[in-house]
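First up is the structure itself, then whatever we jot down about it.
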Amino acid sequence: MTAGERQQSPEFLTTAGIDVGSAAIKVAIVQGDGNGDETMLAGVTQRLRRRDPLPVTEDALEEALEKAGVRRDELDYIATTGEGEIVTFRTGHFYGMTTHARGGLFLDPEIRAIVDIGALHARAVLIDDRAKVLGYRMTSQCASGSGQFLENISRYLGVTIAEIGPLSKDADEPEKCSSICAVLAETDVINMVSRGISIPNILKGIHLSMAGRYFRLLTSTKAEGAVMVTGGLAMDIGLVAALREIVEEQGANLDVRTHPDSVLAGAIGAALWGGFRARKLKKAGLSFSSGSDS
Amino acid sequence: MEERMSTSASCLEGHAALVAEAEALWKDYSLTSVREWKKESGGIAIGYMPVYVPRELLWAQNALPVGILGGGDDLEIIRGDAYYQSYICHIPRSTIELGLNGSLDCLDGVLFPATCDVIRNLSGMWKMQFPDKLVRYLDVPQDFDPAMGGAFYRHELQEITESLPGIGGRSYDEDALRTAIQVYNESRQAVADLYDLRRREPWKIPTHELYVLLRAGMVLPPEEHTTMLRAYETAVSDDESRRPMDQARVLITGSFCEQPPLGLIKTLERAGCYIVDDDFVQVHRWIVGDIPVDGDPLGNLVTAYLENSIESPIRYIDDGVKGQGLVERVEHYGAEGVLFCAPSFCDPALLDQPMAVKAVEDAGIPWTAFKYSENSGQFQVIREQAGTFADSIKLWSGE
Amino acid sequence: MANDARTNVSKDLSQERQKRMIAEHFSKLARAPDEGRACAYTFVPGNLTELLNSFDVLPVLPEINALQSGMRGKSRDYIGLAEKLGHSEDVCTYVKCDLGMLKSGNIGPTGERLPDPNLLLLSYTGCFTFLKWFEILGQEYDCPVVMLHVPYQGDGKITNSMRKYVVDQLRNKVIPQLEEISGQPYDEDRLKEMLARSAQAEDDLVYVLESAKNKPSPIDAYFGGVYYIGPIFTAFRGTQDAVEYYRELRAEVEERVKLGKGPITPEGEMEEEKYRVVVEGPPNWTSFRQFWKMFSDEGAVVVASSYTKVGGVYDDGFRHDPSRPLESLADYCMGCYTNLNLPSRVDMLVRYVEDYQADGFLINSVKSCNSFSAGQLMILREVENRTGRPGGFVESDLVDPRYFSASNIKNRLESYFQMIDQKRERGRKSGQGD
Amino acid sequence: MDVLKYWVGIDLGSTTTKAVVLGEDQTVLGRGITNSRSNYDVACAVALGEALINARLALIASTLEAKGFAGRDVEELLARFELLFREQQYRAQLSELGDQLNAQAKRLKVADAVHESVGAIIPQMAEESGALFTPGARRKSDFFRDLAGSRYLALAEEVGREKGASFDVLAGLFDKAILEVENSTQAVGTFDEHGRRALEGLGGDHPELQAAVETVLAVDLQQVASVGTGYGRQRLPFPEAMIRSEILCHGLGAHHMFPGTRTVLDIGGQDTKAIQVDEHGIVTSFQMNDRCAAGCGRYLGYIADEMNLGLHELGPLAGKATRKVRINSTCTVFAGAELRDRLSLGEKREEILAGLHRAIVLRAMSLLARSGGVSEEFTFTGGVAKNSEAVKALHTLIEENYGERTINISPESIYTGALGAALFALHEALKTEGAAA
């Protein structure tokens, strides 16, 4: 018996959320009745590493379905987010902040704001207890301070992504990085290496300047209380620690949290909103064809 | 001209053709239509920068007012960047580019209204670059007392009327100005009617069409433009295939000078927004209502400026009422939210924004903000933002 | 305009006096609320100091506060605060710095709190941003705003219509408002006395600025210049203090000329004047000393600058004139450097390069200020073409430390000076008949 | 000819470090380049080492010539010798890479499957190295990082899948190991070692070559002076007096290569410079891009990475386009996103690329305009001058805007700055000599 067959209630749906990012594809399979009884059956992240996203998306979805024990034809809705417009087999699309908000709240019902930090962007979103987006701020066009930037730097430092966080926590004298441009910052960092600054101090310096930006985003949305870091950089414990340090230093009333599934927040949110739409559409007696936009 | 005539003949057949015609006029950087108008009418052409100049005055002296709204996203900037640092908005560099590549040769002069420091300084650059042309900085008053600001402004306008005959314009004549005022009253009314129709039925008038039509008004003689607008209005009113969709109604503000690329407007519409009011091509809407034709026409122009111009970041607004006009517009147009959409590095728009945001927030209106430049080609970030904004209005509106 | 960057250099008398004047002014300001003295916030270009002083109204200049915050290392936080409040990264940082300071308690450079304004006197000269700035402040304070619209010299001249417009506004708006907040009637005789003193100080200032025509120049007319223009651009024009200050300063400079001395720099006296340059654009305040040092280390002296003309172009002959008080105030407002059109700015810079026998011409383009920066690249080319001397271009900002990239600027300056060197070397060689 | 004096110019760029070794008579003896970026001292040493190797290779050729050996056969022989030499270098680095990979794998306690994969990948790469260095073979890059990297990643995906090892982990190991390899001055080996091996590799009997190699090995190369320039010049291991602005160096270098030059454009990794020089190579005016690094060489680097191509391949691919996509933003960091965006809109790869190249050159055009335009003659220097499409776009745009102009591009354009620096070193030495005399 597959998971899809376990529940026959019309309100009980199985949906998939696919978050097509610029660095990674995230997929979540969610099952629930739309009334708070929701579980994530499976979550999968596959880093793109400059591969063509479409096949990776297929692959990630298959992997997630397998993990969840669900057949593809049992899905009631396939929702995409991020750059998910490229996914032709989607049922509908939701925008990133809408989905991260929903996913974040699913992971931790106490939070009232999220900071989503992905490969190319960072955004702070203020929400209410139903994941309604009350306000948001994004970093401007310039990509400095995003995950991609950190990734490039770490490649030059010969540090794998997983090591960034732990190394940064070893810093004793973080070296501030002043450049606003990611490309120029790269050179700054090379200068630092030549000056003999240790890798932990370099990383921590970058973390602090990035965290400073996120902190400003957060405070300008007027966020207070519990805040969830979502997106790929939530995995970076050094960055999260830096953010907490700044919060403390500034005496802000913010409680910065993460969740092991933070990186999946967008995918989870998409899956949940997909369920929401599917129920609405079912109620309205509408069928939906794949490819139709939300 | 031949070609334009033939398209305008077929334009009666539908809005698509009208929009295509308007777009062709807008995108013709070499201003063929203006050159031809000059040949036919024996008149002169005077360019003007945003935001506002009294076009009536020019038209009355047989000078075709030609709006210079930058080069948009089609123009390749080769020399323009040599004149401007990266932290200055985009419009002056494309304007210089157009000037240097000969596109604006058919203009006998250019007016630079007091919009901001960038346009102000551009007037001096133009003087140095084109010493043979009429180049005037038009200092519009920030004092709205008729005896002070009014007197000064009247004098500024008089100087313009006096300078035109020297470059081939007709000499100033009160009756001609009265006629011109009437012509522009009709133009303003036609624009106002379209905005009103879009307010009521935004699905009938997609903003990416309206915008193109407004831009055609930068080069067309006013009567022709009015005809075009009226024809479009009829065509879309009759088009029953344009049905409402589940979109959020938003108002755009901040784009009064450097104009957004068409792609940006389309992106917003695709991300789920109906734009129900905006400040694009603002010269068309700067003066609200008709300007009286009777009496002293020059005085009427001055009074209209002092008393009936709209609230704008480039006008000094007394403490206390800042942003009030915006909130009223939101109400009048039934917008569900405000998109602050300003050009990068635009001091007037961006410095104004926090004050406007405050007014909007105090009124409980949702808003979001982003920046663009006239040649932006990437809209993902904006799409995300506008999409989320529309998502949240759609998912949660009506509570 | 700055008062504390030369701390480790032996102080001249004039400098001591300036410090004292500034300290006194700020303490007067701090006492103003208690003493019931009215104060007005207003801008440097086209400021109406004599008029304010004639009503005993104390001026506060937010631009100066902003630059002082920059020099004291506070601007980063202030700007950050303003951006947090929703102000864009793109806009003038003076505004954001001032707003941030206001939101952080409005503590002035001497550590004392600045009084709230009784009037925002928006003398709107040479910059549109002023208008926004006071609209923003207008929302913060419960006080009247007077908008004095000063027309721009679009055609490079001041017309009667322009003058009348300004005088009318002075007479019908500014003066009545000042009478109201100060409780004193307009006293034209008092104003005239002040204007006479202004003119006297202005004569001495012009002497000092023009002393840079000497070789070596006894002053640095940019980095040093910003100190010299301080009193006359700010709260002191028309006061006896200012008269004394400029008399002393002039005597000191005369002495240096006599001794053939070069300018004083942060590192002490400059030994050898290797390059003479004219600079256009405001300096950077957050790294003012470092910036200066990049010049002085290379032996570069700025012999003339346009920035020292933002509060009045006196070296072309303008003086405040007691015989036509309001008209001369109007002309002053319209004559400030940033109110000149671009062709006039070019003319002036070309004149400087030639009159001061400069080796070259440098622009410091600041991100903040469109009034200065928009068009500078064309100015650069024009001045280069007309003088035949090499132009240089560096970029920074007024008070936003994020936009001061020391390595970038140093690289350009070094290359620039090495280029002049190389040219000279070649010139010498061919001069020797090589 | 036991002792050979030389002068060095080093251009410590933002992406690459270049060295030029100059002989007494201003002839270039050798050039060297490295993309090592994490340590300036090492980078200088590696680049110089390369330059000296090249100097010796050149000496071998001239020795042969001096002895009367010339003609196609000799040329071919030399070319084969050099290829074998390069292969030896490559193998040495590869073996170092293997060691480092294993060491890292051990340190990180990765899964067995990863160990096994590494164990399979490196030998396979070693096996393939011969093919990489056969005459006429196309290599994606001059740099070991790129050559080894692209093959390693391809194999990692393949082998990793087979053996159940995570691609991510394998890729991570490479990132670490390659740094160690790049930062080791030893990994490339010595001239002796590789030279002899290459000789062996040639097989057959080549006594004349053997003799020439021996002669050259016996030469004592002596450095007289060196001058540094480039982005990192403040950190160079040189006294201040021996440092020159890269603007002056590019001017002088271009003048040396093409004495008629009056305008120089240099597009490097993260800056673009437009320089006007006089008839002596002295700079009369210059303009650089501002703090934004958009549209510089690094941008092409990001694009190449994104497309999984070598820098060499970008130009030729773009050259296939028949039309260009208009690109307005050249922000380096967003390059990848822009590319994906355009691809997803259905635009063709080569057409996007052609548009990107034009966008870069457009930016350069505005700097040129700022600096005073393009006069007769014009020289294009810096790494991007190696890119055929950038060159093509430049030709078109200059022609459109300035009319007919002589445009010089040397295959050695990337070394222009280093050449200028070396010339300064030589001039300086002559000046002091002159003063002493």
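We call the chains A, B, C and D, going by the order they appear; numbering starts again at 1 in every chain.
Everything below uses one rule, namely that contacts are C-beta pairs under 8 Å (C-beta built on N, C-alpha and C of every residue); 3 or more make two chains touch, one makes a residue touch a chain.
Given the structure is predicted, the values throughout are model-derived calculations rather than measurements.
A comparison of the A-D and C-D interfaces places the larger number of contacting C-beta pairs at A-D.
With centres taken as mean Cα positions, subunit B sits 40 Å from subunit A. The distance from the centre of subunit C to the centre of subunit D, with each centre set as the mean of the Cα atoms, comes to 48 Å.
Spacing of subunit B relative to subunit C, judged by their CA centroids, is 37 angstrom. For subunit C, the set of residues touching two or more other chains reads 85-86, 377, 395, 405.
For subunit D, residues touching at least two other chains, in rising order: 290-292, 334, 337, 370.
Shared interface positions of subunit B, defined as residues touching 2 or more other chains, are 82, 85, 344, 371, 380.
If you draw each protein chain as a dot and join the dots that touch, every dot ends up joined to every other dot. The touching residues of subunit C, when paired with subunit B in their complex, are 85-88, 90-92, 95, 122, 124, 127-129, 131-133, 135-136, 138-139, 145, 147, 149, 151-152, 154-155, 161-162, 164-165, 168-169, 172-173, 341-346, 365, 367, 370-371, 373-378, 382, 395. Those residues of subunit A that touch subunit B in the shared complex are 83, 94-98, 121, 132-133, 136, 138, 140-141, 294.
Residues of subunit C touching subunit D in their complex: 377, 381, 384, 390-391, 393, 395, 403, 405, 407-408, 411-412, 414-415, 418-419, 422-423, 426. Note for the complex: subunit B touches subunit C at residues 82-85, 87-88, 92, 112, 114-118, 120-125, 127-129, 136-139, 141-143, 145, 147-149, 151-152, 155-156, 313-314, 316-319, 322, 342, 344-348, 350-355, 357-358, 371. Across the complex, subunit D is touched by residues 73-74, 76-82, 85-86, 375-378, 380 of subunit B.
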